[in-house]
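The two complexes that follow have chain A in common; it is paired with chain B in the first and with chain C in the second.
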Partner chain A sequence: MTIHENYPGTEDRSRFTEDIRRFEFQTNLPLRHRIGIIWRLVLLVSVIAGIIALSVLLISIINDSFGYAAIEYKVHPSSLSLNGRPLNELSCSEIVLLLEDHLTANRLRQLESENPFSTRSLEDCHETAIFEISKPKAVVTWSLFYSLKYSRELKIYVAQKYPDADLVFQNWLNSDFIRSPQSSDPLRTGILTAIMGSIYVIGIVIVVAFPVGIAAAIYLEEYSSRSFLHKIIQTNINNLAGVPSIIYGMLGLALFVRALEPLTSGAIFGLSDSTTANGRTILSAGLTLALLVLPVIIINAQEAIRAVPNSLRQASYGMGATKWQTVWHHVLPNAIPGILTGTILSVSRAFGETAPLVVVGASTYITFNPESIFSKFTTIPIQIYQWTARPQDVYKNIAAAAIIVLLVLLLTLNATAIILRNRLSRRLI
Partner chain B sequence: MANEAKLTSPTRAINESPLDLNLRKRHRIIEQVIQAFLFASGVISIFTTIGIVVYLGREALLFFASPEADLLEFLTGTKWQPHLGIFGILPLLNATLMTTTIAMLVALPLGLCVAIFLSEYASDRIRGLVKPILEIIAGIPTVVLGFFAIYTMTPFLRGLLGKDVVQIYNTASAGIVMGILILPLISSMVEDALSAVPRSLREGAFAVGATRFEVATQIVVPAALSGISAAIILGISRAIGEAMIVAIAAGAGPNLTWNPFQPAETMTGHIVRISSGDLSYASIDYNSLFAIALMLFFITLFLNLLSQRIITRFREVYE
Partner chain C sequence: MNFQLLQQISSTNALLSSAVDQSIIEAVNLNVYYGNFLAVIDINIKIEKQKITALIGPSGCGKTTVLRAFNRMNDLIPIARTTGEVLFLGQNIYAEDVDPVEVRKRIGMVFQKPNPFPKSIYENIAWGARINGFRGTKSDLDDLVEQSLRDAALWEEVKDKLDQSGLSLSGGQQQRLCIARTIAIKPDIILMDEPCSALDPISTLKIEELMRDLSRNYTIIIVTHNMQQAARVSDFTAFLTLTEDRAGKLMEYGSTSQVFTNPKEKVTEDYITGRFG
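After this line comes the complex of A and B, so read on.
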């Protein structure tokens, strides 16, 4: 048996050996394996780089949410006293007397109208006294790791540089931060206004985009014949999914805020909020984000519907069900876990969107919670953006705390999606 | 049983049915109403596109119709100074291209490596560990990444290269963080493309003695090239349209520079900054934003269409 039989087409033996020599199977092998190992390391390193990026991101946010702050007072709280008794021994009614000494009558009336002193808790009275009279101000803040590592040096440094200031270990993400509305004072400000705004906006997104998205998906998968129109709609949806979110913001500004202003400001219902009287409302923001997530919801729902086996539909038709009965009783219940997962994931994308809402006209400063869908709005990402854009140290810490709130809420949403999917799919199949 | 049912006439069966069943086909208006609603929902997406083109186009036309602006100056001007009535988009476009390039320089090699690792090397356990991490990165709101860029990446770069070289606001740190944002998009799309390459090709290559790395780079990657290029184009499109990271970290104020450590405002960053202030609807500033947005829309639309076309036209079909 000659080699030519195993290697048809090359009768010329010398060419075959030359081929072998060219590939250098023998001598080359260790080198090729070494290259393989080196590249394997490179690949591994890039995966690790991705993981490191995420860890550094999370750590740096936690790092900024806690730490020492040098706080200066106009009047030190320990020097506040009434008839020789220090502040923390006073009752609420005595604190009112103290406030009367220090504040203008105007300011006092304002505080009273916000929340009457007779109904305030002792803790609240204390806090009010400190913030109104002492006026604490964070001069410098330090991050968590720095605070832990150099706590002794910091104490000396602050004692020298800011003799009037107290060095306090601040937890920026405290319960007051989550419970209080926005305020111009960075030490008192909170995220509640923004959380409420986000919930309202997302509520509108769900109410609008969820039914419309599923309906569009059902139409495309179950009803439309594979016609020209179907193709156009499908291509169009795929393209819309790739349009930058800020473009949707511009559309929302031109369409919902300006062209449909009577509707979005609530004027045609006679409900318009006296403080806004223009279209920059929660409703506009919600509709804009609904348009933004719609293509993604449709694509996800289509996939879920497509995954329902055809035999189910045919069995239903065989029993004499109409098209809609088939869809409603058989296709949708089986597709709903997939649809819900996709929807919640896209809603969580809307939850974190900032740029379109900035363009639509989020309010920079509102101190009260939204009352209706025609109110002005701010959302958590908007607050983070505004606090990040400020130069003072202390806003960095507040922004970091707000980011943790945002990430926790997003995590909850996504966890809900997973739990919902698992529970529903167990029950239905 | 079946024979018995056949014997009785259908109408009698209905009349005598103890359950009072009416099996005749009924005309259901509700079915048609529902179908109309479903159709309307499907068509909404078309109206969204029309809305974008019409509303953006109308405001942009108002901009170009105004005496201060003309199309040629808009496309070729090297200065963007709205208060002086000078509208040349090149500084904004240049900054956008710079952040996008930097982002792709970070995301492309990393994304390719991660995708090849996940599809060719990783065991199921490692894949189950790495993929959720990538999904978490993909789900982080961009404003959070903007915070990360300005408070972590910029100080890091300034510490590394010196505070005189790197400005507080710069396109480099915005671009790098944007690369982190795009990394999951590219890696997941490329991984899909790689896993779509049939096993037989890999096994054929293994059989003639190729190493794992040779199989990955010389067999699988070329076979998935269409999917990979589509992923790259989609990544570029995403980077061009990304707004918050650049709005926070890249700087305020248009600046025509090639230095990545200088501040420069991108198209998206400019829209965010101008519209977050108090803006009069009658001003040319307001209209100019729509001209930028329209340009942004057409660039990304072109890239998206290109990416889809590459996928459908150049896909290697095996079997």
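After this line comes the complex of A and C, so read on.
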């Protein structure tokens, strides 16, 4: 009895092995290795190109955020004195006397109404005196690199060209810049108004887009039947994710600012005041950006939900769980790290979004921080955009400082979300 | 077939003769379609109470489809459609007023690949009880978890690490955990879909012993590719095969000893002696 009779089918297999032996192989090993090395280099170059681009960006921003500035005064602060005593020895009440000497009664009343002098700190009184009486003005500014390399030449140059000016090494990203509201004076202006605006707007984006996006994704993945309608909706969501953001701005303008004005201006809550009328509020901006990121959040959440192994769903159903119990106890906890990854990316995008907010009506100039979601607003990217559009040299440095603030806030936001995500995914293992 | 196997079969035979005809679940003219494809055709089978019934047959003959028809798991596949009846204690579980969730609580399932939830061992078991409306204090739940793990012969191995993830266990332990969480919700029937195919021989042996223990209280239906396993553990064996249209049909059904030693059909004999499949 041969082996072939015992195991039907093996006779074919042995013929196959003989066939295979007839082929010759040319291994070509050096060439294959060379191709591998070339591709590896191509990949490496791409990474390096990315790193270089990012470094150039960071360096140029930092370069503009610090550096010498020539500052001219109407009255030099060192010459300010009351009864022979210099400014930095005066108390707050004495500074008020000094201000009375130099300012109009009107301006003084204005300052008093902004923040009464009796409640101001000594430091604040000092600053007010310098800015109100001396009126400093940055006539020329230089970048960090230039300032460090040519500091001696700069001193000579400024002494000759601007004999009245002080050459000061300015840190444009100082604590005053972060703590002050916007001002028309470039040396006093701050980013706080825009920071608050951005935080409010992003808060609304998260509160609106995150739950709605997840809910839509759950419905589309777990509940909806794979019908023709489902395909249409899915295609539309995919396309909406690619629509330019300015289009969403138009939508926001038409829908939230115009059509839903009573809601977005707070009028139906009785909160309307004349300055925030016509719906150009934080709420409108937040809802517009929420619409903008919604498709991306939905698509990402769908991917994450699809990645939950089916065996888990089966196990859950097999134990007599309902659909909702399965979704809530198993699908969502397992999908949430992936969902958060998508949300982090989307919210970061919304954070840096400018164009739709310009259309929706971000304020070009407001000096007070937003108080509620029905306030007028500006955001950091809007502020950067406006500062870079100004002709004066000094705004370039202020914009650079604002960009650093924007990047730091973005990093904080992302880091928080990533830590949250990692904690959630660790809990599952 | 070796001597040991025959001995085992004859011992199950002795059990059988004492059993009265007690059917717990019954398929009547059951057909399952996937889209337009008829996957299993005209299945008629009566499953005995508190016995182990094995479904065997070549790959793709619809064993798993039949098994999943018993607790309406096929409903989860959008394109699947079932006709005919499955009578559970006389009631058709495919009737319109029957909630599949209730069916699955009464007829639990253990899957081919161990699939514990990514939760603690304790939670793996307590969760099923909780979602099914377990009424009791925390200590009642503790007792339930312990009892289920004991019944699944896992308690001694995991009693000190109940708060560890179910996924930290070995494959065989994971599968016993899956059995434990199934019996924690007190089903009448446990369906097992090749529960040992992903396990090593020793784990397989443990699960088989466990099945024999469980069959005192539960009805077990098991799909297996391993004919020795079917012969070792089951009381009844159903042999499915393919028609020309590649639909699965029930070829032969009887006590395991009869099917393995004295099959009525030529195809059955060919299959269990390894001539095809």
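Structure notes:
Throughout what follows, the second predicted complex is superposed on the first by the 378 of 429 C-alpha atoms of A that agree within 3 Å, B and C clash if a C-alpha of one lies under 4 Å from a C-alpha of the other, contacts with A are read in each partner's own complex, and residues count from 1 in each chain.
The criterion applied here is as follows: contacts are C-beta pairs under 8 Å (C-beta built on N, C-alpha and C of every residue); 3 or more make two chains touch, one makes a residue touch a chain.
If you're wondering where the values come from, they're calculated on a predicted model, not measured in any experiment.
Once the two complexes are overlaid on the shared chain, A:269 sits clear of chain B and of chain C alike.
More residues of chain A are in touch with B than with the other of chain B and chain C.
When the shared chain is aligned, chain B comes close enough to touch A:258, but chain C does not. Within the superposed three-chain model, A:322 lies in touch with chain B and with chain C [touch as defined at top]. When the two structures are aligned on the shared chain, A:314 is found in touch with chain C, with no touch to chain B.
Judged by the touch definition given at the top, the superposed model places A:36 against chain B, while chain C stays out of reach.
Using the contact criterion defined above for the overlaid structures, shared-chain residue A:169 touches neither chain B nor chain C, since it reaches no partner.
Taken together, the two structures place residues 320, 322 of chain A in contact with chain B in one case and with chain C in the other.
In the complex of the two chains, the chain A residues touching chain B come out as 25, 32-33, 35-36, 39-40, 42-47, 49-51, 53-54, 56-57, 60-61, 64, 211-213, 215-216, 218-220, 223-224, 232-233, 235-240, 242-251, 253-255, 258-259, 291, 294-295, 298, 320, 322-324, 345, 348-349, 351-355, 358-359, 361-362, 364, 381, 384-385, 388-389, 396, 399-400, 403, 406-407, 410, 414.
Contact residues of chain C toward chain A in the complex are 71, 73, 76, 78, 101-102, 104-106, 108-111, 113, 115-119, 127-128, 131-132, 165, 167, 178, 181-182, 185.
Listing the residues of chain A that touch chain C in their complex gives 225-226, 309, 311-322, 325, 329-330, 333-334, 428-429.
On the chain B side of its complex with chain A, the touching residues are 23, 28, 30-31, 34-35, 37-46, 48-49, 51-52, 55-56, 58-59, 109-110, 113-114, 116-118, 121, 130, 133-134, 136-137, 139-148, 150-152, 180, 183-184, 187, 209, 211-214, 217, 234, 237-238, 240-244, 247-248, 268, 271-272, 275-276, 281, 289-290, 293, 296-297, 300-301, 304-305, 308.
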